[in-house]
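Handing you this structure, nothing more for now.
Which chain is which? They are A, B, C and D, in the order written, and residues in each are numbered from 1.
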Amino acid sequence: MRTALDAWTILSVSAGVFFFLAGTVGLLRFSDTFTRLHALTKADNLGVGLVVLGLLPRAGSVLAGLKLAVIWFLVLLAGSTVSQLIARSARSRRPRA
Amino acid sequence: MSDFLFGASSLVLGMVALGLTRILRGPDDADRLMATLLLGTGGIAALLLLGAASGDAAVVDVALTLAVLAVFAGVAFVRAAPGEAADGAAPDDTP
Amino acid sequence: MTEAFDILLAALILGLALWTAIARETFAAVLGFMAYGLLLTLVWVRLHGVDVALTEGAIGGGLTGVLLIGAAARSRATESVSLAERPGTLTRALAAGLAAAVASALAVCVLILPVPAPTLAHEVAANLASTGVGNPITGVLLAFRAMDTLLEAIVLLFALVGVWSLAPDRAWGGRPGLRHSADPNGILAYVARVLPPIGVVVAMYIFWVGADHPGGKFQGATILASMWLLVMMAGLADAPPIRRSWVRVGLVAGPVVFIAIGLLGAWTAGAFLAYPDGLAKPLILVIEFALMPSLTLTLGLLMAGAPQRPEAP
Amino acid sequence: MSAATLFGLCAATLVGLGLYGVIAHPQPLRKIVAFNILGSGVFLMLGSVARRGAAAGMGGDPVPQALLITGIVVAFSATALAIALLLRLSEVSGSVTLSSDAPAEPKPDAGKA
C-alpha cells in the first residue's frame, strides 16, 4: 500500500513538474504575448493540479486534504481571471493591427 | 521519498526562475508580469512540495495565503495600466 | 538535496535583489521585487519560521507589491527626468565602497557568531504553559513581549495619520484614493464577488489556528484587508470617507482594548500588560478579537491612501 | 555550511545591495524599493540568528521570530507612508524628484494647496 502511494506521488508530481517545464519553455520561446499567456495557464492549471493530486494521499487529515484542494481551486481562479485581465489590457493597448 | 520531494521542489523553483528572464527581456510589461505570475504559481507548488518533504503541516497554510492573494498582482497591474481612465492616467498615454 | 535547494534559493534572491538595483525601468524593478518577496517566503520556511513566512507572504508578496505597482505606473511619465539626475561617478563609487564595507562587516559577524548560540527558546518553552496558548510565537507576541505588539498597532495608526495628513485641504475628511469604476458584469467584478467569501474564511482560519499553530491576527487581518481592497479596486464598493465616526472608532477600538487590559494588569497583577493568574488565555483572546478588525481597517485604509475626493453630497 | 549561515551571508549581501540602491539611485520609488531590500536583509539576518537558536523542540528561537513579524508590519507601514508622500509630491509638483533644482516645470494648476 505504502509503495503504491509513493509511486502515485512520484508519478503525479513528476507530471506536474513537467508542466512547469512546459510553461517555462512556452513563456521563453513563444513569439507573442497571447501565446505566452496560453503557455502560462497550463503551468497554473495542470502543474499545481498534478502536484496537489500527488500530495493528496499524503495529507494526514481531511482538513489538510481540503486545504490542498482549495489551494488548487484558488490558483485556477487566479490564473483564469488574471490571464483574461492581462489579455484584455494587452489588446486594448496594442495599436489595431 | 523526502529527497524526491525536495528534488521536485528545486526543479519547479529552478524552472520558473528561468522564466524570470522574461522580466529582463520584456518586451511588454504584460510579459514581465506573466513571469512574476508563473513564479507565484511555481512558488505555491514548491511550498507544497517543501512542506510535504519536511513533514511540516503548517507550510500548507502559507501556500493557502499565497493562493488567496495570487490574483492581486494582476488586478493591480490592470488597474494601474495606462488607458485605465478611472485611475487618473491620460487615456491616450499609449506607446 | 536540501543544500542544493538552499543554494539555489539564495542565488535567486541575490540575483533578484541585484536586478531591482540595476534595472532601468521602474516597473521591471518592482516586478522583480515582488518575485523577491515570494522567494523570501520560501526562505522563511527553510529557516523554520512558518509564522514569519505567513506574514511575509501576506504583506511582502501581496500588499507591498500592489502599492509599488500603483506608484510605478503613476510615476512612469517622469522616469526619464529622474534618470537624468544620476549622481556622479564619485558619489556612486563612494556608495559602492560603503555598501561593500557594511556587507563585509556583517558577513564577518555572521561567521563569528558564538557557537552554542544564545537562545530564549528554553525560557519560552518553560513559561508557555502559563499563557495557555500553544504557539510560542503567539505567546511571545501577546504575553512575553506584548508591549511590542501594542506599539506596533499604534505605529500602524500613526502611519495612517501620516498618510491622511497628506490630503489636499479640499479633500480632508473625504474618500481616499481614486474612485474605480468597473463593468459590473466584467471579469474583475466577478472575481471580486467570488474570492472575498473564500478569503474571509481563510483569514478567519489563519486567525483562529494562531493560538496553537502558525498564524494569528496580523496575517488574518492582512488577508481580510486585501479582500476589502479587491472589492474597492473592482469598483463594487467605495472607500469610506475618513470623517465617519465609525471609521475613527473602529481604528482605535483595538489598541484601546489592549491598553485597557494592560492597565487592568497594572491594577490586578502588579505590572502594565501583566495578566492575572489563570486569565491569560481569555484575555489574550479578547485582545486578538479586538485587534483584528482594527488592524483590518488600518491596513485597508493605508492601502487606499490619502483622501483625494470630497465626500459626495 | 548550514542553512542559517548561508542565508546569513545572503542577508549581509542584501543589506549591501539595498544600501547602495538607497544612496545611489536617483528615483525616489527606487529608493523605497532599495530600502525594502535593505530592510529584508536585516530581517533575514535576524531570522538566521533565530534559526541558530533552535532548541527545546522549536525550529528557531521564538523571540526574534516574533520580533520579525512586528518588524515586517512596521516596514510595511513605513513603505505605505513613503509611497503616499511620493504620490502627493508628484501631484503637487508634477514631477517626482528629490533634486532641489528640478528640471521639470511645476504644473500651473497644482500649486501648494
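Here is the rule we go by: contacts are C-beta pairs under 8 Å (C-beta built on N, C-alpha and C of every residue); 3 or more make two chains touch, one makes a residue touch a chain.
Just so we're clear, the structure is a prediction, and the values are computed from it rather than from any experiment.
When the interfaces C-D and A-B are ranked by how many C-beta pairs touch across them, C-D comes first.
Our note on geometry: chain A versus chain B, Cα centroid distance of 11 Å, whole angstroms. With each centre defined as the average position of its C-alpha atoms, the distance from chain B to chain D rounds to 21 Å.
In terms of their C-alpha centroids, the spacing between chain A and chain C amounts to 28 Å.
Among the residues of chain C, those touching two or more other chains are numbered 2, 46, 70, 72, 74, 188, 191, 195, 198, 202. Contact of a single residue of chain A with at least two other chains is seen at positions 70, 74, 77, 81, 85, 88.
Chain B has residues 33, 35, 61, 64, 68, 71, 73, 75, 77-78, 81-82 in contact with two or more other chains.
Interface note: chains touch in the pairs A-B, A-C, B-C, C-D.
Taken in their complex, chain D has these residues touching chain C: 1, 3-21, 23-30, 32-34, 36-37, 40, 44-45, 47-63, 65-70, 72-74, 76-81, 83-88, 90-91, 94-97, 99, 103-104, 113. Those residues of chain A lying in contact with chain B across their complex are 6, 9-10, 13-14, 16-17, 20-21, 23-24, 27-28, 33, 36-37, 40, 43-44, 47-48, 51-52, 55, 58, 60, 64, 67-68, 70-71, 74-75, 77-79, 81-82, 85-86, 88-90, 92-93, 95. Interface residues of chain A, counted against chain C in their complex, comprise 70, 74, 77, 81, 84-85, 88.
Partner chain B is touched in their complex by these residues of chain C: 1-2, 4-5, 8-9, 12, 16, 19, 27-28, 31-32, 34-35, 38-39, 41-42, 45-46, 50, 53-54, 57-58, 61-62, 65-66, 69-70, 72-74, 76-77, 178-182, 188, 191, 195, 198-199, 202, 205-206, 209, 213-215, 219, 223, 226, 229-230, 233-235. Residues 2-3, 6-7, 10, 13-14, 17-18, 20-21, 26, 29-30, 33, 36-37, 40, 43-44, 46-49, 51-52, 55-56, 59-60, 63-64, 67-68, 70-72, 74-75, 78-79, 81-87, 91-92, 95-96, 98-100, 102-104, 106-107, 109-111, 113, 117-122, 124-125, 136-137, 139-141, 144-145, 148-149, 152, 155-156, 158-160, 162-163, 166, 168-170, 216, 218, 302-303, 305-306 of chain C are the ones touching chain D in the complex.
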